[in-house]
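Note that chain A is present in both complexes that follow, paired respectively with chain B and with chain C.
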Partner chain A sequence: MIARKYTLAYLFLLPAVALLAAFYIYPVLTSVVRSFTDWNGFDAGFLWVGWGNYKNVFGDHHFWAATGRTLRFAFVTTIVQTILGFLLAFFIYTLVSDRWRKLMRVAVYIPVILPGAVVSLLWSNLLSPNFGLVNEVLRAIGLEAWARGWLGSTETAMNTLMIVNTWKFIGMTITFYIVAMLAIPKDLIESAKMDGAGSGTLLWHIFRPLLKGITEVNFILSLIGGLKAFDLIYMMTGGGPGDSTTVLGIMIYRRAFLSFRFGEAITMGIILFIVILTLTLISRRLIASREDEQ
Partner chain B sequence: MKKEMGTKSLPMLLKGLLLIGLLLAAACGNNASNEGQQSNAEPDSTNAASNAAPEAVKDPVNLKFLYIWPEYEAIMNETIRLFEEKNPHIQVEPEIVPWDKAIEVMQTKVAANQAPDVSFGWTHWMAPFVNEVDAAMPLDDYLQQDPAWEQSFIRSDLLDISVVNADKPFVSNIPFKLSFQVVIYNKKMFSDHQLEVPQTREQMEQTMEKLAANGIIPLAASGKDGQIDMLKDSFAGMNFVKNGTAQGAWLAGEESYESAEYIEAMELAKQWFSKGFFGKDAFAVGNDEIANLLLTKRAAMILGNNNQIPTLQEQVDDELGAFLFPAAEGLKIQAPLTADGFFVLKTTQYPDEAVEFLKHLTSEEVQKLWASQSKSMPVLQNLNTGDETLDGLIDQIAASATDYPVQKLTYNPAELSKQLQAAFAEYLLNANADVTASAKKMEADHRKAIESSQ
Partner chain C sequence: MTNNRLFGALRMLPVYGLFLIIVYPLFYMVFNSLRTTREIMMQPSGLWSSSGPQWSNYAEAFVIGKVSVYFANSAFVTISSLVITLAVVTLAAYSLGKWKPPGHSVLFVGFLATLMITGEMTTIPIFLMLRDLDLLNSHPGLILAYVGGGIGMAIYLIRNFVLSLPKELDEAARIDGAGYMRVFWSIDLPLIVPVLAVVAIMSFVGVWSEFFWALITITDDKLKTLPLGLLNFQSQYNTNYGVLLAGLTIVTLPSLLVYLFFSRYFIEGMTAGAVKG
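This part shows the complex of A and B:
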């Protein structure tokens, strides 16, 4: 009887489930299977290699170096983006002029909706050692010694990419924080102010604890974005100079489309997925345990 | 009422789903059967059919053709029109892809059984279509059947460039227009500084010293896009030829990066890099910015491609010239003879017609058309463009050495080349880097790539 009752509902669900299965579940499962093969990405045929791809990947020093760079990129951008995003959101929230507040909210979100390719071209031109605005400005204000090829040195390329990545995505962090700030009861803030709380006190004792949930969301989203970073880096430095900006995304692309070892590339993708999942779970657990303590 | 609607709608929904399922199955079935026909069709059977009735009315043929150069679409359309005029039963269906995505697009098309009949490909970069994807049709038989066509090319070794390796020793690509690295220079800047076109690498070094002393970037080159790395490799190649060691392991690309020839080449490149010959921050600039340095007259020479010359010339009032990178004293220039070309896909149902189209593309008529309208460098002998710079290069190519040994790699060098470039960049960028340690690092990656291909 119950089964009959839900038949129609299940039938309505069927197209969505079928699409999900065909375009999401099936490719994921196929990928896992193909990570155990020597598939070159194009031929229908392939051989079963067992754990061979995993052994190759774990035995490749380039992989470990790329993993280190990826983690550094992801954590630095996440921490900077979260802290700076929180402060900027607070600044925008406290702006007296409603017009300015709205303008700022739109302005900070524009980079988020710009395609990665546009942002890469924009910043590559701004940072150009010969014709770039950044160096021109530095020279104009007497800081000629600071002018350099920001993307052409192994010492500055990665940090420069982190700044560009933060610039692109901080708008999202700010927007989430502002929405959450607007949900804080006004009377709570007013009463804190009446008790003499300044901006610093408000920020630390009212906003920070009340925005823990959104901090968790921002932190995890930024972390996932940082770990998956590819387009900005690929277009701006291609992984160079040297290997200084070769992150896992770049390495996976090269292994698949330059070496045609899709089996190994998929293996790296699966390892990256496991890293992302693990770090996300750890982050959630850490944030949740702190909330419990408080 | 609700119950009644539910009981009525359920069978209707089931019928609808069944109908959609049938339509999908039919569509997939058609597709699969078409693919089967396409991929299973033996080129020989089609040959036999077309040879059996040469005089009969020929069946209409639709050739799918993939190429790059959206900027030359009008010229290509004219080229196709001329071909269709001579072959009324053949219709060419062109598709343009961006040059930097050509290989990926083709590979995807091959994987999806949607490969064209004729495709663009670099003569020297056919490994992806011969090794990894066994997609290119051997063209030797067609060339041997038509000696005039085979012998029409500018240099006798031009066709051999597309022979990928010893296991598959066949010509896989027909060159269409020459495309190779040249030094593009500003003639006025040269005359202002009383400089002549250098004939040897030693003279080149002196020229660069003079330009650098005058605050001009002598030879802007992109470290980011691997130009300095390529220059180092050409120095090394010359060293192997000079020492008589361009044989054995070298021919298979298995020579050691720790060899004296490579070490010497790395040191020379670093010496030039440290003197600022390639410009400050060479690793922060790509090919576009290199071109801008020439156009803004901050650089007197750039490492570029011959196809860039007409476009660059349009943007600058000073006259530009070009020459092949000179060889070391006592050696003949080793012209890096590479070309934009086309190949026939193995899966084509119309191999004869596809080859006929290749012959048309390399006919004198079409080569002249492209030379006059796009300033392309023709691949045929004795066919000048009327452009002094381009014709000068053609003469240099024709006169350059054909007896230099050519490497046929036993492995896919693509990802390795990125790793080697990276290690070499680190060597250049670190003033205190030790050349032997860097070479050892490069050799470790090199050996690993060779081993993993076996």
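This part shows the complex of A and C:
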């Protein structure tokens, strides 16, 4: 009887385990092994080159420039998104009108579910230099001097992408915060208010420490998203103008699928993975240790 | 009192501002999809067209812009991925949560670990594997990539739900002589429908929007899904704003409708891992 139960159990697991092997275990092992060879993705044969690929990548100044842009993109969007998301979530949480609170909760998540392609093309249109809405608004309020080709200049392209990225993803941060805020016992907030705590005190001394856990989740999710950023950048600037928005995701894509230098691309992918893992662990540690101080 | 009211209105300002910033671009997209390109360029903030709604923008996007082809491709790929994913993960998660065969905890950790592995580590080997199987530039290859990419989170959610199922019903059915398959199919499967809905909705929106895998595997225009097709569309209608915005509106609608109808499930699914864990 037990034997039959387990046979059935393993049969049920078979397809998923096959996918696990084909889409995770095999690719990860291949990536790691191939990064130590001169394999180019086409020939069956290859030679061991030790750390050669890593040395090449680390000796490439384009790689370092792209890494710098990636870190800037990820940290700026993450910090803005977490702080702004926290404040906006608090605003929505404290809304007196029940209808507005429900409406806002539904609305903030809309950009998150919109396809990246729609967000990219819509914002490219809104930001277009001569006929775009953004420049029209700037001209209308007397800021003609600010109107410009936002995505076409090396000075503004990166910052513009960061703003659009925040527009798309801040709803996730806000939603997590609101769900967590709703879980805070009402008595706690009421008694703090009785003791004369204003919004600022409430925010800093009650909500901030109680929401440490969710801040960690929000920070890490945005950080990982920022480090992996690809879709919006590919569709809005393609990494340009010049190399000004070429982040690692774009660089890896180009090396692999435009130059067909798979070995190099795999090596960069592994380095990016290690960067993501390390930064995630460090931020966890930092946020957690600040919790102990409380 | 007046002071209080003024303060109340001021407090609402950030909320109104946020609402406007989020929702206005969508209004812009929908309203301008019904105006002529000339009108949009002259005044992007306008709402109406002087010659009535330009439905021809939609007709042109659908037929000449080939949105109809991309739409059909996206629908096929999304629905196939969804059905296959649900079948695979339901069986696996049920087995892990209910029957717990030897090694089940190792396997569960294995599935969970996939959430840590990012695409950078796996994309190129999977791409080359699909190439060697001659599945590049085909819908089955794309569907396979989507199914493979979505199993971790789904198994995690469903398995936790299965663990919380009441045992009394099963035992009663077993005493009445029902086999394991029958208990699974007639008693437990109907009970896990809510979590399957969460998984289905989340994967629908994910696959419907997916861009990267479509970009690297599909080269034939006839096979392109909407996000990828839109890129051609953009170069074709770069200066024809009305048609471009009509195309964007068509792509947005399915995700938006699914979200608005099921927004409760979204919040549930998204926060299930993070808030409780």
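Just so it is clear, the second predicted complex is superposed on the first by the 264 of 294 C-alpha atoms of A that agree within 3 Å, B and C clash if a C-alpha of one lies under 4 Å from a C-alpha of the other, contacts with A are read in each partner's own complex, and residues count from 1 in each chain.
Following the convention adopted for this analysis, contacts are C-beta pairs under 8 Å (C-beta built on N, C-alpha and C of every residue); 3 or more make two chains touch, one makes a residue touch a chain.
All values reported here derive from a predicted model rather than from experimental measurement.
Asks: Who contacts more of chain A, chain B or chain C?
Replies: With both complexes superposed on chain A, more residues of chain A are touched by C.
Asks: Of the partners chain B and chain C, which touch A:G85 in the superposed model: first, second, both, neither?
Replies: neither
Asks: According to the stated criteria, A:G239 is in contact with first (chain B), second (chain C), both, or neither; which is it?
Replies: first
Asks: Applying the touch criterion given at the start, work out whether A:F273 contacts chain B, chain C, both or neither, answering first, second, both or neither.
Replies: A:F273 contacts chain C only, not chain B.
Asks: Contact-wise, after the overlay, does A:L133 reach chain B, chain C, both or neither (first, second, both, neither)?
Replies: A:L133 sits against chain C, while chain B stays out of touch.
Asks: Mind working out whether A:G226 is in touch with chain B, chain C, both or neither, as first, second, both or neither?
Replies: Neither partner.
Asks: Check whether A:L20 is in contact with chain B, with chain C, with both or with neither, and answer first, second, both or neither.
Replies: A:L20: touches chain C, not chain B.
Asks: Taking the superposition as given, does A:H62 touch the first partner, chain B, the second, chain C, both, or neither?
Replies: A:H62: touches chain B, not chain C.
Asks: Residue by residue on chain A, keep only those touching chain B in one complex and chain C in the other, then list them.
Replies: After superposing on chain A, chain A residues 8, 41, 124, 130-131, 257 contact both chain B and chain C.
Asks: Name, in rising order, each residue of chain A that touches chain C in their complex.
Replies: Its residues touching chain C are 4-6, 8-10, 12-13, 15-17, 19-20, 22-24, 26-28, 30-31, 34, 41, 87-88, 91-92, 94-96, 100, 103-111, 113-118, 121-126, 130-133, 136-137, 167, 171-172, 175-176, 179-180, 183, 214, 217, 221, 224, 228, 230-231, 234-235, 252-253, 256-257, 262, 265-266, 268-270, 272-273, 276-277.
Asks: Can you list the chain B residues touching chain A in their complex?
Replies: It is residues 6, 9-10, 13-14, 17, 104, 107, 110-111, 128, 132-134, 223-224, 279-286, 289, 292-293, 296, 298, 412, 414-415, 418-419, 421-423, 425-426, 429-430, 452 of chain B that touch chain A.
Asks: Which part of chain C faces chain A closely enough to touch in the complex?
Replies: Residue positions touching the partner: 8, 11-12, 14-15, 18-19, 21-23, 25-26, 28-29, 40-41, 43-45, 87-89, 91-92, 94-96, 99-102, 104, 107, 110-111, 113-114, 116-129, 145, 147-149, 151, 155, 180-181, 205, 208-209, 211-212, 215-216, 226-228, 230-231, 234, 241, 244-245, 248, 251-252, 255-256, 259-260, 263, 266-267, 270-271, 274-275.
Asks: Could you please specify the touching residues of chain A with respect to chain B in the complex?
Replies: Within the complex, chain A contacts chain B at residues 7-8, 11, 14, 40-43, 56, 62, 124, 127-131, 148-154, 237-243, 246, 254-255, 257-260.
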